[in-house]
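Here the chain labels run A, B, C, D, E and F in written order, and each chain numbers its own residues starting at 1.
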Amino acid sequence: MLKQTLKLAAALMGSTLVTGAAFAQDTAAAVAAVPNPGNNAWMMTATILVMLMILPGLALFYGGLVRTKNMLSVMTQVGAVACLAMLIWVMWGYGLAFGPDAPSGVMGQFISGGAWFLSGVTLESTAATFSDEVISEFVFISFQMTFAAITAALVLGGIVERVKFSTVMVFTAIWLTITYFPIAHMVWAEGGLLFDMGALDFAGGTVVHINAGVSALVAALIFGKRIGYPTERMPPHSLTMTMIGTGLLWVGWFGFNAGSALEADGFAGLAMINTFVATAAGGLFWMLAEAVSGRKGSALGFCSGVIAGLVAVTPAAGNSGPFGAILLGAFSAIVCYFIVTEMKPKLGFDDSLDAFGIHGVGGIVGAIGTGIVYQPFIGGPGDGSTGMGAQVWIQIVAVLVAISWAAIGTAIAAYLAKAVTGGRVTAEAEREGLDLAEHGERAYNY
Amino acid sequence: MQKGDASVKLIIAIIKPFKLDDVREALEGVGITGMTVSEVKGYGRQKGHTEVYRGAEYQVTMVPKLKLEIVVPADLASRVVETISQIANTGSIGDGKIFTLGVEDALRIRTGETAETAL
Amino acid sequence: MLKQTLKLAAALMGSTLVTGAAFAQDTAAAVAAVPNPGNNAWMMTATILVMLMILPGLALFYGGLVRTKNMLSVMTQVGAVACLAMLIWVMWGYGLAFGPDAPSGVMGQFISGGAWFLSGVTLESTAATFSDEVISEFVFISFQMTFAAITAALVLGGIVERVKFSTVMVFTAIWLTITYFPIAHMVWAEGGLLFDMGALDFAGGTVVHINAGVSALVAALIFGKRIGYPTERMPPHSLTMTMIGTGLLWVGWFGFNAGSALEADGFAGLAMINTFVATAAGGLFWMLAEAVSGRKGSALGFCSGVIAGLVAVTPAAGNSGPFGAILLGAFSAIVCYFIVTEMKPKLGFDDSLDAFGIHGVGGIVGAIGTGIVYQPFIGGPGDGSTGMGAQVWIQIVAVLVAISWAAIGTAIAAYLAKAVTGGRVTAEAEREGLDLAEHGERAYNY
Amino acid sequence: MLKQTLKLAAALMGSTLVTGAAFAQDTAAAVAAVPNPGNNAWMMTATILVMLMILPGLALFYGGLVRTKNMLSVMTQVGAVACLAMLIWVMWGYGLAFGPDAPSGVMGQFISGGAWFLSGVTLESTAATFSDEVISEFVFISFQMTFAAITAALVLGGIVERVKFSTVMVFTAIWLTITYFPIAHMVWAEGGLLFDMGALDFAGGTVVHINAGVSALVAALIFGKRIGYPTERMPPHSLTMTMIGTGLLWVGWFGFNAGSALEADGFAGLAMINTFVATAAGGLFWMLAEAVSGRKGSALGFCSGVIAGLVAVTPAAGNSGPFGAILLGAFSAIVCYFIVTEMKPKLGFDDSLDAFGIHGVGGIVGAIGTGIVYQPFIGGPGDGSTGMGAQVWIQIVAVLVAISWAAIGTAIAAYLAKAVTGGRVTAEAEREGLDLAEHGERAYNY
Amino acid sequence: MQKGDASVKLIIAIIKPFKLDDVREALEGVGITGMTVSEVKGYGRQKGHTEVYRGAEYQVTMVPKLKLEIVVPADLASRVVETISQIANTGSIGDGKIFTLGVEDALRIRTGETAETAL
Amino acid sequence: MQKGDASVKLIIAIIKPFKLDDVREALEGVGITGMTVSEVKGYGRQKGHTEVYRGAEYQVTMVPKLKLEIVVPADLASRVVETISQIANTGSIGDGKIFTLGVEDALRIRTGETAETAL
């Protein structure tokens, strides 16, 4: 029943336990199953690592890139959006994405149901992994909670330094509900549209990065450019902070990627080593791309390449050998480099922190590339039963579905949030900076 | 004290930052024991540099300089100017300028002393 | 013999192994017991996470809130106090709190004994958990060591920017000995006064937060206000640092709370999810409280709410369902908000970094609230055998005992330290800043 | 077959599995052996912790110590060097250090072979621990990868603020190949020269710290002093960053030391508690040494002492009791204090960030001291079969071999790198700062 | 050069920070190729803002401004003042001030040139 | 306006940083509603401090000061100087200095007003 290909199928298994024809015998087995402390320990560690990616990781990475006057605004938005996502997750998010009672018919390909307000989840509840093991359901819920939280925060990269805090909050609530939860269900839950299609997404290349990147781009277009962009000087106020954030993102990403194995097994080990080498390649090849195009290899280039590598290896983490991962990381860095430094200025949109240019583009490179590096001839763990062409085609379809869904969902969420709360701050507030205008504080009082 | 012929002068010197210690020591040699220093940005013949952040290029035309403000008795002014101009000179563009202005009154807050004695 | 209610009863069990009537048979079992690597792994991870809370977590959280000229002083005090606590812990602290040979009679309700200088502890020694499992005793000792260290460091929040480094060190040594170790014993060790009374404190609401908060307040009163307080401007010199600290504290707090399950089991999972949602609620409700009282929702408000939520959920982490935890986090944030922004200015004491206002007050809210959210009717894990009223009463008594003990112990420690080392720095040193005056350095040389 | 003394003998065991006479029966057992998830979880956690030490840990520790104008240069060098080391590691590093096919004869004492490009490593491959357990080989490879990466980055401490980025990269590639991999093999792999001699090095005192420290000194001598050293003012631009880095290094070091047990067992617990108390002693005794020599106890002193303690306890982590570790940490801090503050200024070399003064010297103190604290009479875990004198002698020989090898290897690597890439930046670039000159960016745009 | 009727003037202009680039470019048009810029805090009619940190309210009365110091030949002074006042004008409170002072001596450190030729 | 007998004066006061609020308030009492403040480093009789970083000792001879620049009508100048010197006085070394210079022209950018009305 379970496919032999490795996918983040916990939801599948978790739900198998309580739904469908397999109900009787499986439940009996499941109730008896007790989490191995080693797997539970690993998954808690992984969950905490993803939390580290959000606060302080992403808050610093993004915060360092904006101007001094908007530092607190960015950090607070990242933090508050994550908090909101956590609360929504335990109320209706987990149910929509991974709940035990998926609606029957076509609807069930897009959302699930049940477990509203975590009803039915107890200390003894477990979620299945990819083998015969289980982990505590509270741990699985927490792990997935952090994914929803960071994805919502990533979207902010397109709209920082100009949108009201209240708008951001309303946007997030709607966006998670109509964009994130359905996409997570489609990709990671059995019965989900893309899951059933056989799309590979080990740790969220599509659900997290393409989704967040495209949403950031659409939101950037809807909310418009920052005053003064692109003529005014807007250098990052502290690349030191961005570098700290980069380091913490990398560190936390092991929770993201190796945690997506749901067990402390060999797949986790593979995901871990891939998350080292793809990232290393990403960091160095971005700098190399700069050098080749006649620029200086830069610190921000290094950071950007690290993220580009991490993003690209995300769907491939347990779906590739180390050298496939290196190729993916290097290639992603080069492609993102050209999109961000060559194409973006020409197109003229203000995806302020390159959430699209790196997460969106890197995510697409990774998603499609996973179809290639998965193949055994290049050292991947696939068994070759689905040919490279077929797999790549599936990946492309999944990417297109995710892009469309994210774009439409974001447009709806952004226009609604704008209608309710006003959207942008006043021009005067934008000049003064959101820290003072929106929060009444300054980041630094040296 | 006659206006326009101030017995006390304000010397404003714009110099390269790494010259500060040398200048300060040399001025001590001339008997100058006080000055006020500010970090400033200078714009002039000396070109700045280019910064690039993810493809966004910024020409930075201003270079960091130090501004020294030294109030001295009129008779010392020329020696001070001379000293600074010798010590701060590296022969390369951007060495800076020295301006002399007249000061009408000077006062030491602590003691209320005025004119030369205030310095 | 072991109560069915969940308490941090490691000491109980650990000591059961080598004392009392049960000695013979238990020891036999214990010697044979080998830690499950999963539980050992989790508890080491948890220990490291608490370390992360101290350095750099708390050092940054506190450091960011003071003026530039005292930054290093705060960070060094936090670090050095933690180091001192670690050394004292292995010399006599572990013995006083959890040693195997508690004095007989009333004394045994307040302190334990034995295991001085860790004598008798070997590579094979184990400490019991709440089930039949064991963990390595060195791991248990390390885990508890970090609790002592961070509690001592938290107290500094009341007295920063004015007290001599030497005074702080002497104060800490005395305070740990007469305040922290006895309270830890009373609450967490079998035979301890409050433990036997049935007080619930999953991860240290009473031992760590009420204790540190009250001690900070008393120390603030004894050492007096900072020069210029409250008329002079004293804005936080870097809310960026405070925000980083907040993130690291949250991340590390999972070690604190989920680690207090002593195993990587379902209770740990429950403590984890509660530590997410209570905190999320805390962060958002503090900002909401600001908005409702006509202010701007602020970054520091967000950070404060996060801490208020974390503090309140600490005693409840494994003693509440997720929605009980949300209530607790939100309520704690609101109460702390009013104490810190409305009441403190009126009372006029200089609890400089609101160690009392947030840790003390939030700890009290959490300790008492745990008596409520523990009940099954609100989704708590309690079995209802102790009624809500009775449990709340026990919690209140425990709070009052902790407050009194902390206040008296702190007064003694503070006056002694002052007598030996002088207490405050000179007015000139305070003006110049403790970084230069006490340490001969400046935090920033841009 | 396996010595009873505890050494980091994974390579031994790993290779035993696939080489030598024991092949047939061992392989059978090995193929069957499946990693306990608890051990795998712990080793992944440990690996991630070492990553945290590099980025952002070491990048901040080193970065805070340099002048503002070189901040990004330092952080980027640390990051890029680590990335390069990761890529080289999977290409030929792992093979040279721990590959399954060591050359026969004398050569095999210095390097290993095989497993080039990780050939032969699969999801099911395992590496043996010190007991009968195994961990996933990908995890072991990742863990050891981080050691190579951080050691290469540590060397930069001797040559920051003046050497070209390209020179640093070329130097690193050569240095790892001729210095690090052979020394790792000599100390940690069965058949390795120093391993067979019985030298104790639990977590890398010799391989990492003596090696990096000596290499930094030699590189500092070859590349020369910074312009203006020692007459010009060069205070650390942000001790705040250095303090954050210190905290992260300490936190991550638990992965380093307790991870070197390769299991989540009692040895890991011992290594953990030693890593607490030796470090605590180091931090406090450096400040004490300052006070005794008439200075102010300083924040940087505290940080330096923490590192000195960590370095010294590294070879001793699982080879000492807690009070032996305290002695070692305190002693190392005092010795390093005198070397760094008294001797260095007299000798006049520009080991800019005291990589030699702390890592080299502390590593030597630790390596030799391990021969003492290992003994049972002082609470160490040794069985006394090798007398103290004999063990200390072995340690001294190992230190001398490591120093010589590192010095020669570094000289070759440095001169080669200089020849190829030029070595130092121009005087003008050095004045302007490497951030602008080499990377075209500034760390702070407030 | 006659004292009190300096052939060289120091123009001090306090402006809103975001006007710097425009002003600099406009001045280039008038032939001004050098100036020295400082970050300052201005106090005046323009009100500041309020900051609140955990209930502690601080009124910040000073607003960030840039101070331009430009030494020019006397005959250029009025054109410079005019140019700045036009370009830096936004019509809202806090646009800033321009002060003109007499300079008695000017010197280029690199070459030793004085008076107008030093600029 | 006659050159050399300026009807407007520039008062430059170097004071201890923590005196700013008091001085500003006292000046409001004298009718002064505008000034420009810079953070500067002062060198003088007041000794600095020593910093030590891992054995490297640095003598820091400069101490942080604030520089107030206040342009006032000539007839107010002496009262302003007096007020500052009273309020900023702590009686200890390093209290600072006050210098008065003549200003030839003043202009409010927003309105184009000049001389006293520009202030």
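Simple rule for what comes next: a residue touches a chain if its C-beta (ideal position, glycine included) is under 8 Å from a C-beta of that chain, and two chains touch if they have at least 3 such contacts.
Note that the structure is a prediction, hence the values are computed from the model and not measured.
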Next item on the list: Identify the chains adjacent to both chain A and chain E in the sense defined at the top.
Entry: B, C
Check: Common contacts of chain D and chain F?
Finding: B, C
Checklist line | Homomeric contact chain E-chain F: same or different residue positions, threshold half | finding: different
Item checked: Pair joined by more contacting C-beta pairs (B-D or A-B) -> A-B
Notebook entry, point to check: CA centre of chain D versus CA centre of chain E: separation in Å?
Noted result: 55
Check: Distance-wise, how many Å sit between the C-alpha centres of chain A and chain C, to the nearest whole number?
Finding: 34
Notebook entry, point to check: Which whole number of Å gives the spacing of the CA centres of chain B and chain E?
Noted result: 17
Note to self: I need the residues of chain F touching at least two other chains; which ones are they?
What the structure shows: 3-4, 38, 51-53, 101-102
Notebook entry, point to check: What are the residue numbers in chain C that touch two or more other chains?
Noted result: 36-39, 41-42, 45, 235-236, 238, 244, 295-296, 298, 300, 440-442, 444
Margin query: So which chains actually touch one another? I want all the pairs, not just one.
Written below: A-B, A-C, A-D, A-E, B-D, B-E, B-F, C-D, C-E, C-F, D-F, E-F
Next item on the list: Sort out for me which residues of chain F touch chain D in the complex.
Entry: 51-56, 58
Margin query: Quick check: in the complex, which residue numbers of chain C touch chain D?
Written below: 35-42, 44-45, 47-48, 51-52, 54-57, 59-60, 63, 71-73, 75-76, 79-80, 82-84, 86-87, 90, 117-118, 122-125, 136-139, 141-142, 145, 165, 238, 241, 244, 435, 438-446
Note to self: Using the touch definition from the top, list the residues of chain B that touch chain F in their complex.
What the structure shows: 3-4, 8, 10, 24, 33-38, 69, 71, 101-110, 112, 118-119
Margin query: Considering only the defined contacts, which chain C positions touch chain F in the complex?
Written below: 232, 431-432, 436, 440-442
Margin query: Under the stated contact criterion, what part of chain A meets chain D in this complex?
Written below: 36-39, 41-42, 45, 49, 67-68, 133, 235-240, 243-244, 246-248, 250-251, 254-255, 258, 263-270, 272-273, 276-277, 279-281, 283-284, 287, 295-300, 302, 306, 321-323, 326, 381, 444
